[in-house]
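Below, subunit A partners subunit B and then partners subunit C, in two separate complexes.
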Partner chain A sequence: MRGLRKVLTPFAPDQSGAVSVLYNLGGLIVIIDAGGCTGNVCGFDEPRWHGARAAVFSAGLRDMDAILGRDTLLVSKIASAAERIDARFVALVGTPVPATIATDYKALKRMLEKKVDLPILTLPTDGMKLYDSGESVAYKELFEAFAGDDVRASEGEELVLGATPLTYGDSYTDVTLEDIESIRGRRLVAASSSGIEAARLTGKDYEIRSSLAEALLAGEKIEGKVLVCHDEVFGKTLRDNGIDCDIATFFTLHDEIKQGGDIKITEEDEFTSLALSGRYDVIIADNCLQKLAKGYEGRWIDAPFFALSGRM
Partner chain B sequence: MLKIAIYGKGGIGKSTMTSNLSAAFASLGKKVIQIGCDPKADSTINLLGGVPLKPVIEILREGGEPTSIEEISKKGFGDILCIETGGPTPGLGCAGRGIIATFNLLDELGLFESYKPDVVLYDVLGDVVCGGFAAPIREGYAEQVLIVTSGEKMALYAANNICMAVKNFEDRGYAHVGGIILNKRNVVGEEEKVEAFAEDKGIDIIARIPRSDDITRCEDVGKTCVEGAPESDAAVEFVKLAKKLLDEEGSK
Partner chain C sequence: MRREAVTYTAKQVAELGRDNIPSELLSGQGLVYSSPATLAYNSPGAEGFGVKRAGLSVPESVMLIVSPGCCGRNTSIVSSMPQYEDRFFYLLMDETDLVTGRHLTKIPDAVSEVVSFLEGQGKAPRVVMICITCVDALLGTDMERVCNACEAKIADTGIRVRPCYMYALTREGRRPPMVHVRQTLYSLLAPMEKDPRSVNLIGNFAPMAEGELQRYLLEAGVKNIRQIGACGTYDEFLKMASANFNIVTNPEARASADDMSRELGIPYIELTRVYGIRQVALQYQALAQAAGITIDLADDKQEAEQAVFDLREKYPDLTFNIGECINADPFELALSLLRYGFKVDEIYATLAPEKFRYVAKIAELSPDTKIYCNMEPTMLYYDVSSSRAHISLGKDAAYYCPDIPNVAWNEDVQPFGFQGIKELMARIDRALGEVTA
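Now for the complex of A and B:
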C-alpha cells in the first residue's frame, strides 16, 4: 500500500498545515469534521495551542449532516459563532469528511458572505495530502483576501514565509495580516516548501533560506558526504553554505531546488535504502528516522521536524 | 465558453441528446468537449464509432496518475474531446464521489485553460441525487441546465425534481435552467403535457426532437444522427438547437 507507515507515525496532514498558517491571525477557524481532526490539529500538530489558544472550532458534523448535506445548518452555526467572537475573518478548513461527501466550498462561501460581514476563506484540504500542501492552500487564500496592491520598493522589510511550527518547531516566525496586506512591498524569504509556493504567488523575486539550517550550521562542524532528510529549503540552505549534501524529503521537492542526487521519497523503505547505501558519512534528520536506518554506522545529527515526529 | 449540463430521467435519452448536440456544435466548427458523468461510461460511445472510452475512474483504479488530458480522453467525430468519469462497480463505493474526483483531476490538469473549448457539455446520470451529481452545475462548471423529458409521467416527475434542485441552489451561484429538450416518445397528448409543465415552471421548450428511426440506425453503427444522417429531421433539429444556444451565448 503506497505511503503506508510501518515504523513511523503518520505525518501532519494538509488540514494541520492550513491551520498552522492561519493560527495566530485572529480568524475564526472552523475545521469541517466530526471532531477527530480538530482534536488532532490542536492536540498534536499545533504546539501553540497549549500556550496561546486561538479560535479553532470543529463543525461537529454528525451522520445525518453527511447524509442530508445540511450545510445551511453549518452556515447558521458559523454565523452565530462569528457574532460572538471578535474575528477578522472566517476560515473553513476541509478534512476527509467534506471531501467524501463533496461539500461545495464555493457555495458555503457565498452563503456565509450573505450572513457574516467578514472575509470568508475556504480551504479545501482533504486530509490525504501532507502539511506543506495545506500551508500553501492557506497562503493562497490569505493572499487573495488580504494582499494589497501597494507595490513599494523591493528593499522593504523582510517577510519570512513558510516558517510555521510544523517545520520550525519553537523557532517559528509568525506572519500577521498587516504583513500580508503589505506583501507586495516586502522583501520575501521562502523559508520552506510552502514558503516557496507562497512567494511564487506574489510574482516577486524571493530568497530561499532556512534560519533553522543556519542555526544548525552555527553549532556543528560537518564534513563528508551528507544526506539531509528534512524540508527541501533546509537542505538547500546547507548546500548553499558549502555542505556536500543530497536532499531526501517526504514533502514537496521543487525543480528550482532539486539537483542530481536529490529525491522526493514516499515510502519508509526508500529512506532505509538511502541511509544504508554506504554513500553518506553524515545523516541530518529527525531522530525518529533512526528507526529506519538500523545498521547505519556514520554520524547522525538530529534535526527535529515537528511535522514528522511531533518533536520540537 | 458555453457550458451546459444535460439532466433528465434515466433512460430518457440524455446521452443521445448530448452527443448529437456535441456533434451539431462540432459541425458548426466549434471546439467541443463532452464529459460523460455516469458510472456506465457510455455517454460518448456514439462519437467514437461505437468504441467505449476508458473512464477516468478506471485509470485511477489501476493506479494511474494522469498528468495530461491526452491520457484520459479521446477525440471523436468533429474532433470532439470525449471524457468519461466512470464510477465504481454497481453496488459498491460512491458514484458521486467518483464525479468529484474526476472533476478535481480535470481542474488539476487545467482542462479548460489549456484546451480552450468553445462548448462544454456534461451528460449527467439521471436526477440530482446527491452532492456529487450536482457537481456539474456548481460554480465554474456548467452555467445552464438543459432538461431532457418526454410527455411520460415519470419523465416529467424527474424534470420537476431537477427544477426544484436547481431552485434550491439559487443562493449558491449554481447554474440556471436554460430550457427543456422534448425528446418525443409519441405518447398521447405529449406536446400539451410538456408545454403545460414548461409554462408552470416558467421555462422554454428549446427543442422538439422527433422520434426517429434514423437515430437508432446510426447508433447501431456507433454514430450520432448528425454524423450518420445529417439530412434527417432529427439531425436538423439538433443543428438548429446548437445555433440557437450559440446565438443566445453571443447575445449576452
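Now for the complex of A and C:
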C-alpha cells in the first residue's frame, strides 16, 4: 500500500532540514508546534543539540491557540523572547499544526516586524515533505534576507552548501551568516540535493561534489555494477569517480544528475525490487535498508545516512 | 548586555503567593526552551514511556502510527529496542490527506496488510493500536469509528483495534495524552468474575520494583498482584479485570481507575510517590484502613530512617540541585531532603500552582533555594558556576551541572515507598563515593 511503512521508520522531515541549515547561524528559531516536533528536531535530528545550547524554541501551542488562530499571542511570545535573547534573526519554522490551520506566514511576518527589530524568516514546512525540501526552503529564506551583492571574497574561496548533519552526519560543514552575505563572490560546491537548489538560487556556476562519497572511495575498492541508495550528489560523485552505478534515492533527483538507470523511489518495496533484481554486484546504502533486501547475495557497503536511519 | 537565566528564590515565590506565581516559572506562558526536560516531555515518543511505548504496554499488541512523517521520526530509537521489533508500523500522511481526509479510508486496508504481514512471520497480534497525532486532533477525526471499521475489516481474526491519541496540543487539557493512553489500554478489559485475592497496580508501564508494597499485600492474603508491564501474554493482561481493587500509583492513571470502577466494578485506592518517610507511613496506614488489612511497617520505616541517617552522617553538608526528569515530584523531593537536614541549592522544574504548598514549606527551611523553569527561554543562558551543589538529581539536572555527580533516578522500573527512599540514599552514596574514589 502506498505510504505504508512496515520496516523503515519515517525519514527526516522538512522541518528538521530547515532547522539543520539555520541551527548554528545565531538566530532565534521558533518551531510552530505543540512541542513534539521540537522534541523530534532537537532530541533526534539535530546532533549538534547535544554539544551546545542553541536558541531553538517551541511555540508551545495548545489546542485553543490552534483552533482560535491566536497569532497575536504567538507574536507576543516571540517578541518577549527576542527582548531577552541575543539573536541575529528570527526564523519561524512550520509543522503540521500551522499547515492544518492554514497559518498565514506573511501576516505573521508583518506582525512580528512591527514588534521585533530583526530580520524575520518564515519557513512554511509542514512535516509531510522530506528534509532536503526543508533545507532548500531555509537556504532560499536566508539568501533573500542576507545575500547581498558583496563580492569582496575572492573567487577562489570555496563555500560548501548542503552539507548538514542530516546528510553528512558528523562530517557536516557549517555555513555562517558572513558566508551567506558574501555568497556572490564565492566558488560554490553543492554537496547534496539541497545544495544544488541553494546554488541554483544564486544564478552562479557551481560544482557538484560529495566529500562523503570521496571518503568512501578512498577506503573501499569497488568493482562491478553498483546500486547506490543515498543522496543524489553522493551517487553522482561515485559515478564521476569511475564507479558504474545507478542511483536510487528517496529524496530529490534532479534532471541534471539523473541518468538512464537512476530512479527516485518512495516506497519500501521499490527498493526491494531493485535490490533483488539481480542487476547489482554491489549495493552502497545505509545498513537500515538491509532489512528490505533479504535474499540479496551481492556485496553490501554501509553508507550511513542520518536522514534515513538517524545513525551517524 | 549580560544575559542571565531568570530565577526566583523559594522565599520570593512564597511571598508572592499561590495566585501570583511569576509567569517565567509557569507552563504555557511563553516560548518553550529546548532543554532536556522539555524535549523529554514535549516528544511523547522520545524517552521513557511516552504515548508510543505506553500504547504498546499491552502484550501481543502492535501499533500503526497514522501521521505526517515527522511524528514518527524518532520512533527509530524505540524500534531499536528488541522488545519493540516488528511492533511499529506507519501510514504516512501527505498534504492531500490533510485536505481531503482520505487517509482515514485507507486505515482499515493498512491494518489488514499489517496483520497479514505479521501472520506471515508467525507473529499475529492480538491488538492493533492506531496512534494519531495533532493533525487529526484538529481535523476532529472520529477514531472510534475508524477503529470499528478496522475491526470489521479483520473480523475473522478477532483482533482488537483501539485508538491512541498522541495529541501534544492537549497536554495541559482535561485529558492529556498520557491520561488518555492509559484509558485506552484498560478499556480492552471486559467484565469477569471477581477474585477477592487479586489486586492490580496501575499507573506504571514498566513493572514496579519488588518491594514492601507487594510484600504487605501478600502478607494480607493477596495471591495475585498484576501490573500491565509484568503481564507476559494478552490473556494474562485480560485477567486484570478480575481484581478486587486497584492501587493507583500515578495520578495520570486516575481516569483509568474511574473507568474501571464504573465499567468493571473495581474500586481503587491512590498512593502517591513521595520521599518523606512520615508521608509514606501515613499512606500505608490509609491503605490498610481502606483495604481492611493489617500492615506492619515498623521495620521498613526504621530502615528508611537509618538510610537517611547514614547518608547525613557521612555527608553532613550535602547540597543538591534537583531536576524534573526524575521519578519524583522535584518540589516534594526537595522538601523531603531539606527536612532530613540536607541542603537544596537549585531546582529546575515547572511550577504548577498545586505545587505551591511545597514551595511555601521549602521557603521556611531554605529561603534561598533557587527555582528555575526548564521551559523559560532564558535558560539558554543558565550558568551553573554560582551553584554550591555537590550532586544533582534527575537526568536533566546533569545537563545543567555537568561537573558534579548525578543520580538520574529516572529508570523505567521504579522502587516505591520506603524502598524508594532507601535506594535513593544508596544511589546518592554510591555516586558520591565514585567521585571520592
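One rule holds in what follows: the second predicted complex is superposed on the first by the 306 of 312 C-alpha atoms of A that agree within 3 Å, B and C clash if a C-alpha of one lies under 4 Å from a C-alpha of the other, contacts with A are read in each partner's own complex, and residues count from 1 in each chain.
Convention: a residue touches a chain if its C-beta (ideal position, glycine included) is under 8 Å from a C-beta of that chain, and two chains touch if they have at least 3 such contacts.
This one's a predicted model, so the numbers in the text were calculated from it and none came from an experiment.
Overlaying the two complexes via subunit A leaves subunit B and subunit C side by side, clear of any clash. Touch criterion not met for A:228: it reaches neither subunit B nor subunit C.
Looking at the shared chain after the overlay, A:213 reaches neither subunit B nor subunit C.
Look at A:100: by the touch rule set out above, it reaches both subunit B and subunit C.
By the touch criterion defined above, A:257 reaches neither subunit B nor subunit C. The superposition of the two structures on chain A yields an angle of 90 degrees at the Cα centre of subunit A, opening toward subunit B and subunit C, reported in steps of 10.
In the superposition on chain A, A:161 makes contact with neither subunit B nor subunit C. Of the two partner chains placed around the shared chain by superposition, subunit C is the only one that A:84 touches, whereas subunit B remains out of contact. With both complexes placed on chain A, subunit A has more residues touched by C than by the other of subunit B and subunit C. Subunit B and subunit C never share a C-alpha pair closer than 5 Å once the two structures are laid over each other. Shared interface residues of subunit A (contacting subunit B in one complex, subunit C in the other): 100-101. Partner subunit A is touched in their complex by these residues of subunit C: 1, 3, 27-28, 30-34, 38-47, 67-77, 79, 88-95, 98, 103, 106, 109-110, 113-114, 117, 133-135, 137-139, 166-173, 375, 377-378, 380. For subunit A in complex with subunit C, the residues that touch the partner chain are 1, 3-6, 9-16, 30, 33-40, 42-45, 49, 53-63, 66-67, 77-78, 80-81, 84-86, 95-97, 99-101, 126-128, 130, 309-310. By the touch rule above, subunit B contacts subunit A in their complex via residues 94, 96-97, 99-100, 130-132, 134-135, 138-140, 169, 171-174. Interface of subunit A with subunit B (complex): residues 69, 100-104, 106-107, 110-111, 114.
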